[in-house]
Every structure is written in structure tokens, then in C-alpha cells.
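Let me begin by presenting the structure, written as C-alpha cells, before commenting on it.
We just call them A, B and C in the order they show up, numbering each chain from 1.
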Amino acid sequence: MMGRLLDGVSKRVLIGLFTVFAALIIAPLFANDYLLTILILILYFAYTGQAWNIMMGFAGQLSLGHAIYVGLGAYTTAALYVHFGIGPWIGMAAAVAVAVVCGAIIGFLAFRFGVGGVYFAILTIAFAEFFRIGFDHFKWVGGSAGFFLPVANYASNDLWNLRGNPAMFYYVLLAMTSGAFILCHILLRSRMGYFWQAIREDEQAARALGIDTFRYKMYAVVISAGMTSISGVLFAFYYNNLFPEQIFHISRSIELILAPIIGGVGTLFGPIIGAFLLTGLAEALHEAMNALGFDAPGAKQVFYGICLLFVVMVLPDGVWPPLKKALRLNPHESDRGKS
Amino acid sequence: MTTLLTVDRVAKNFTGLRAIENVSFSLDAGEIFAVIGPNGAGKTTLFNMIAGVFAPDAGTIAYCGQRIDGLRPDQVCRRGIGRTFQIVRPFPALTVEDNVMVGALLRRSDMAAARRRAHEILSQIDLLDKRGLRASALTLPDRKRLEVARALATDPKLLLLDEVMAGLRPTETDRMVEILRQLNQSTGVTILLIEHVMRAVMALAQRVLVLHHGAVIAEGAPGEIVRDPAVIQSYLGVEAAG
Amino acid sequence: MPAEIYLNVAVGGMLTGLVYGLMALGLSVIFGVVRIVNFAHGEMMTVAMYIAVVLFSAFKLDPLVMLAPIAAVLFVFGYAMQAGLINPFITRPEHSQFMLLIAVAMILVNTLLIVFGPDARSVQTSYSLDSFQIGPLIVDATKAYAGGAAIAFALALFAFFRFSLTGRAIRACADNYTGALVVGLDVKRLYALTFGLGSACVGAAGAMLVMLIDVTPQIGPGYTLLAFIIVITGGLGSMPGALLGGVLIGLTEALAGLFFTPSAKSMFAFALLVLVLLFRPQGILGKRLA
């Protein structure tokens, strides 16, 4: 199995990956609190970006309301923890289930009724907004006033309850992101991955080859939703407060698609590279501005917007494909945007 | 000789336009059957009904004894009918090999087996040396062959080819004819083709159906129908009869 | 509650809805012709609203009076955006187009945030608190004027598309891009013109809306979504549909605000959107797509 996993992957890529992974493992030992927070954010976006990428990059369905799954994951586990004392790892199962059902409903409604492209994107936005306003009135989880997790002291790390210092969250996220990376790699090379790409390229032609496109699109939505909800679990336990206005807001949805788009939609490394690039540069900008004495809320977002604009106009496939070419990592002429 | 496909009195209207009217024919396994006729005669409509793109308004279509009219395109394919599109639709970002693999994966879940099958078909169709190229980088004749290869990878018993010779030069047409003939002889795949290129029809088809304004005006061996006066008048022109 | 309250709220809602409709009309025109989903639509309207605020607070200029200039500024902005930025994207995949306009939207919203800060601004004219009384009906003056201006602007736009040569040329592009090219129409220019006109609608709508609600940089996205809901509900490609949709949404919003908590009123708009997308995707007045 290991052999098949590594089949076709160039030695240089493997060495590069191992180096990066090793660096990430020892990073908390050298990083100060601020840098650690940044790394956590990067990993968060890398993970969520990977999950979104499955739906869009692999199966070609543009979701602009992915914050729904983050929010549902967060609220489900938070509610179970606060109201019933159920730990997040068990709560995660419930969170994934809720997200999967939600995704299934959205997917079913969209695909059964032939809603695609722009309309699908708008449908996802509408659902997210619906939940945002709905949760504002959902008193059991705090409504618009917010939902708060009890913050204990962080003298010890409680992995079971996800209570602890940032380093603990960092390692959990690192494990999640690595796991997602491997999962995406497996999926991309699998039969389902091929079918997804066929659907993404030309759904009608895919159907003519016997692919039940409805079923596979549903798989993409449901897997993507489930994966995304897990990042919501972490969100809840890391920040310890949840506000519908923030967590379901469309800017959240846009935020989590920036990394994969800038990195490269449909590629394996894209979301990760995008996350590092985007967050890294944004923080660098932040630091630079602080040093110069500017304080403009919204400047970071303007920067993101400009980055996005630049990538969309100049590097439509994202940063990774041309970077891959420059590093001469292509095994042969084929460049199906696989890794 | 088993009957593979039976089209029985099918009709199709498109808001006010009678596209197909009372068309019936049947195919035996292993045959090569051509459907010809002027543009707008309803050939692609007929194809689309067999392939499941839409259902006939009247009549039935039976494949291996079972009704298939009204099934979805992917269901029709799974039953064993492969098709190509008049305007080729490769998966542009995927390689030639991956394109064909998508087809091969229909009946195989093992990736290695699918890849082997893809290579097998690619060498039959003479595209093996280009398997690493992106489909978007291929020339039109190569794309046409890719389209056929991909459909073949689904192991169809019946292959529907929609104007697969269109846009090909005579040498390329001959090559494609040879490939199709080989496939028919070695694998026994039944071929139903829509064609305008009479050179290919005469070389390949064992029987020909002629459509005009959605109705059958002649059916028979190629030699017969080129001399059929109705066919000459509506489509071929006097020169074709030679 | 006495019936008059319902009536007043309903009429107020419909008048506001006309302004929404005008905004949505801009989106409909752009999408119907250029086939670009303008994700920066609400954000552009926010820009127009801020322009109105600045003109009012600095020079005491009434937004209604400034309607035409503001619309003109937005026209130029829209024209420039289409000609300069968006044009190469016509043939690109959909998600690229979205991302382009999302990027523009992000830049607009946050630039406004940097320049004006997050606090709400509004325009209080001398007649802001006036109202008219027609029988049992009490109508806010601002709403009445805004509604009236919206109708006037929309009628002018209809007339342009119906009767002028350029207008008909634009409709030709919408119907058949290749055909238009073949016939020799300068499609690029016409697209830019259309985007400009759609932006002008949005500008005018902004100038009217600023009298009715407070403006913050953050309201943009909500109105983009609202514009989509209206256009999809009323019917893509149908100009009267956009206005009808706007009125419908304005009405639903106002009445829902009355019966339920005001903040929940948008949920109905979304529910309506989902229903329309599923069961009647061409909208109420739209043509069935192939």
C-alpha cells in the first residue's frame, strides 16, 4: 500500500515534503507565541482549503458557502461539550454527521434539480446566510450574543477535551493537515478521483462514459462537508467563543477559498502553498505596517483582494503549476494538475 | 445472428418540429450499420434517443431484448452502448491515457487493470505514443481517435459513432476506417455510425439506413442504396451513383 | 393591529422594493448581456452611497439632486472595469470570473473601511422625516421620492433598450454573441457600455437608498446577494422581472419584519431564492433556458 502511495512521486518531491514536515514538527520549539499563532492559522487554512478543494478542484462544484460546515462543526461539538459534557473527539463524530447531512441536502437539492455553476454557488451562499441568521436566533447555542466554552487554566494539556496551550492545537492541526494531504493524494488517484475530474472537465461526456454523475457529485460534496466540519471543531475549542455573525459570514467562506485558489485549484499542493503564501505575506505586511506606524483595519483584506486579483489575472491556475514547472518537478509531459 | 438493437416506430418532436417520424430498424450483433441523410434529417436525434440523452415521444428502443428508451445516458452506457460526440469532447486537462482510463474504470475498479486496458486500446487505435500528452494538445484527427478509444474502453457491445470522419483528410479517413474494421473483426463490436463521408460508408457499412426529414426513405446494402432514386434525389446527387 | 399599519408597511416595503429593483436591474442587465456575475454589485452600490454621504455632508447636496452625477460616476467606473479588467475574462471559466469580481469587491469594501471607518453614516435631508397622507395611507416622503425616482430611471433604461439603436445593438449581443460579431457590432465596446449602464443603475439606486438606510462598508455583500435573489426570482433576462422581484422582496421583507423579528426577515428572501432555484429557475417573468 505504501508503495502504491508513493508510486510516481519523484524523489525530490518526497525529500522536500519530509524536510517541510520535519521543520513543521520542531517549529513550536523555536517559535514565539505570535509565530505559533500564525502557523496555526496557516495550517487551519491549509486544511480547510484541502477540504474545499475536493469539491471544487476535484469535482468542479463551486461552493461559496463553505463556512456552513465550519460553523455546524463548531456549534455541534461546542453544544455537546457545554450542555452535555461530551468531549470534542466524540462530538466530532456528531459534527461530521451534521455537516454530512447538511451537505447532502444542499447537494441533493442542487443536483436533482439541475442547479449548477453560478446558481449552485448562489445557492450555497443563500444557505450560509440562512444559517447565519438562523443561528442568530438559536438561543440554545447562545444566539447572536455568542456561545462560550468554559476556559480553564492551561497548566496542563488536556488533549481529550482539547483544552491546552497553542502548541497542542498546533500539533493536532498538523496531524489533520497531513492526514488531509494524504487523503487527497489517495482520492485523486482513485477511481472516484478520476470520475470527479471527468465530471469537472465535461459532465455530459462523463455521463456518456457510464458515470453516475449525481452520485459522484454527492460524494464530493459530502466528503468535503465532513472534512470541513472537523476544522470547525478545532475552531470552537481554540477560540472558545462562537458568533453566528462571524462564523457563518460570507467573508469566512471567501477567506477559506483564497488559499486553494491562489495556490492552485485542483492540485494537491495548491491549498497548502496558498495558505503559507497568503497568511505569511499578510502577516509580513501587517508587521511592516506596524513598523511604519500605520494601523488600518481592513488593510489585510485589501491585500488579500489584490493578491487574489493578481493571481486570477496573471496566474489563473494558481501559483503551484508554474512553480512546479520552474522546479522541474513534472515527471513527464503530462500535467493534468494532479499534484 | 442475434438481434442486438431494435428501434421500433420511434418519433420525436421538438416544439412544432417533427424531428423523427416512425423510424424502425434493427441491428444484428457484429454488424456495421450506417445512417446517412442530409443535414437536419434527424440522424443525431436518433442517436441521442438511443444513447439516452432524451426519450422518444413514441415507439420503443430495445437492446439485448430489454427496453432502454427513457434511460439516462450513464445507464445506457453501463448496459453496453458506447458513443462519441459529433463535436469531440475530450477531457482537456487530462492526458490521453487518463482520458481513456476514465472509460476503462467503468467496468474495472483496479487502477492497474484499467491502465492496462487503456494501453491496450490506445495501441489498437494507434495513440499509444501520445498517451502522456494533454488532450487539449492533440490535433483534431487524434482527438477523434481519442474519442473512439475512450468509448471503447467502456467495453461496449454497441458503439455509436457520430460523424467520426468529419474534418478528416482522405488518408486519415482511410486510417480510421481500417481501425474500425479491425476492431469490428477482432472484438465483434457492433458499430452504428452516422456519416456524411460516403467513402467511409461504402468501405465500412454492411447495411445503410437513409433518413430524410425524419423518416426512413431507404434501407439496404450500400451498393443498392446509392442507386436508389429517392436517395439520389434527396441526398446523394446523380454523380454519386457513378 | 389595525389594517392601516399593514397597508402602510406594505406600501413602504414596495417603495423600498422599487429601489432594490433598480439595483437588481443593473445586475440583470449586466448578467443578461455580458454574462458576467457581478459579485461586486452591492459593493459598488455602497461606494455610490458613500459618495452621496460625502456630497451631502460636505456640500449639503441632496442625493436626489445628485442622482444623475452619481450614476454618471458609477457609469464611468463600470465602463472602465469592463473594458480594462473584465473583458479578457469573458471566455474564461466561471470560477475565474467570480474570483475576479470577488477580489474587486474585497478591495472596494475594505478600502471604504479604511477611508470611512466602520461607523454608520446616513443622510438626513430636510424632508427626511416628512410623510404624505393619502387617505388612510401614510407614506414616508423619502420612500415616495426614492420609489418614484427608481421608476423614472428604470423607464428611461427600458426606453433606451427598446428604442435606441445602441440599445438594440446591446440586446443583439445578448441574444447572439457570434452573430453580433459577424454583423460587425463592436461587442467589446457594447459590453463596456452595458456594464456602465448596469453600474449607473446601481449608482442611482445607491443615491436613493442612502436616504432610506444607514450605510456601513459591510452592507455591500448583503446587497449583492439581495440583487441575485431578486434577479433570479423575477427572472433572468427580464427587466420588468427585476423590478417585480424587487417589489416582491421589499414587500416580503417589510411584512416579515412586522410579523416576525426584523432580523429574521432576510431568511424569507433566502427561502424564496432556494424555492425559485429549485422549482422555477427561470424566475417569474424569465424565459425558459434551453
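Just so we're on the same page, contacts are C-beta pairs under 8 Å (C-beta built on N, C-alpha and C of every residue); 3 or more make two chains touch, one makes a residue touch a chain.
Since this is a predicted model, take the numbers as computed values, not measurements.
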Under the touch definition above, the chains in contact with both chain A and chain C are none
Chain centres computed over CA atoms; the one at greatest distance from chain B is chain C
By number of contacting C-beta pairs, the most connected chains are A-C
Note: chain C sits from chain A at a C-alpha centroid distance in Å of 33
Chain B to chain C, mean C-alpha position gap in Å, rounds to 50
Here the gap between chain A and chain B, centre to centre from mean Cα coordinates and rounded to Å, is 43
Going by residue number, chain A touches two or more other chains at none
In the complex, the residues of chain B that touch chain A are 51, 72-74, 77-78, 82-83, 85, 89-95, 97-98, 101-103, 105-106, 109, 111, 114, 132-134, 150-151, 153-154
Chain C residues touching chain A in their complex are 37, 85, 88, 92, 94-96, 98-100, 102-107, 109-111, 113-114, 118, 217, 221, 225, 228-229, 232, 261, 263-264, 266-267, 270-271, 273-274, 277-279, 281
Chain B partner, complex, touching residues on chain A are 189-191, 194-195, 197-198, 201-202, 204-213, 266, 332-337
Chain C partner, complex, touching residues on chain A are 56, 62, 64, 109, 113-115, 117-119, 121-123, 125-127, 129-130, 133-134, 136-137, 144, 250-251, 254, 261, 265, 296-299, 301-302, 304-306, 308-309, 312-313, 316
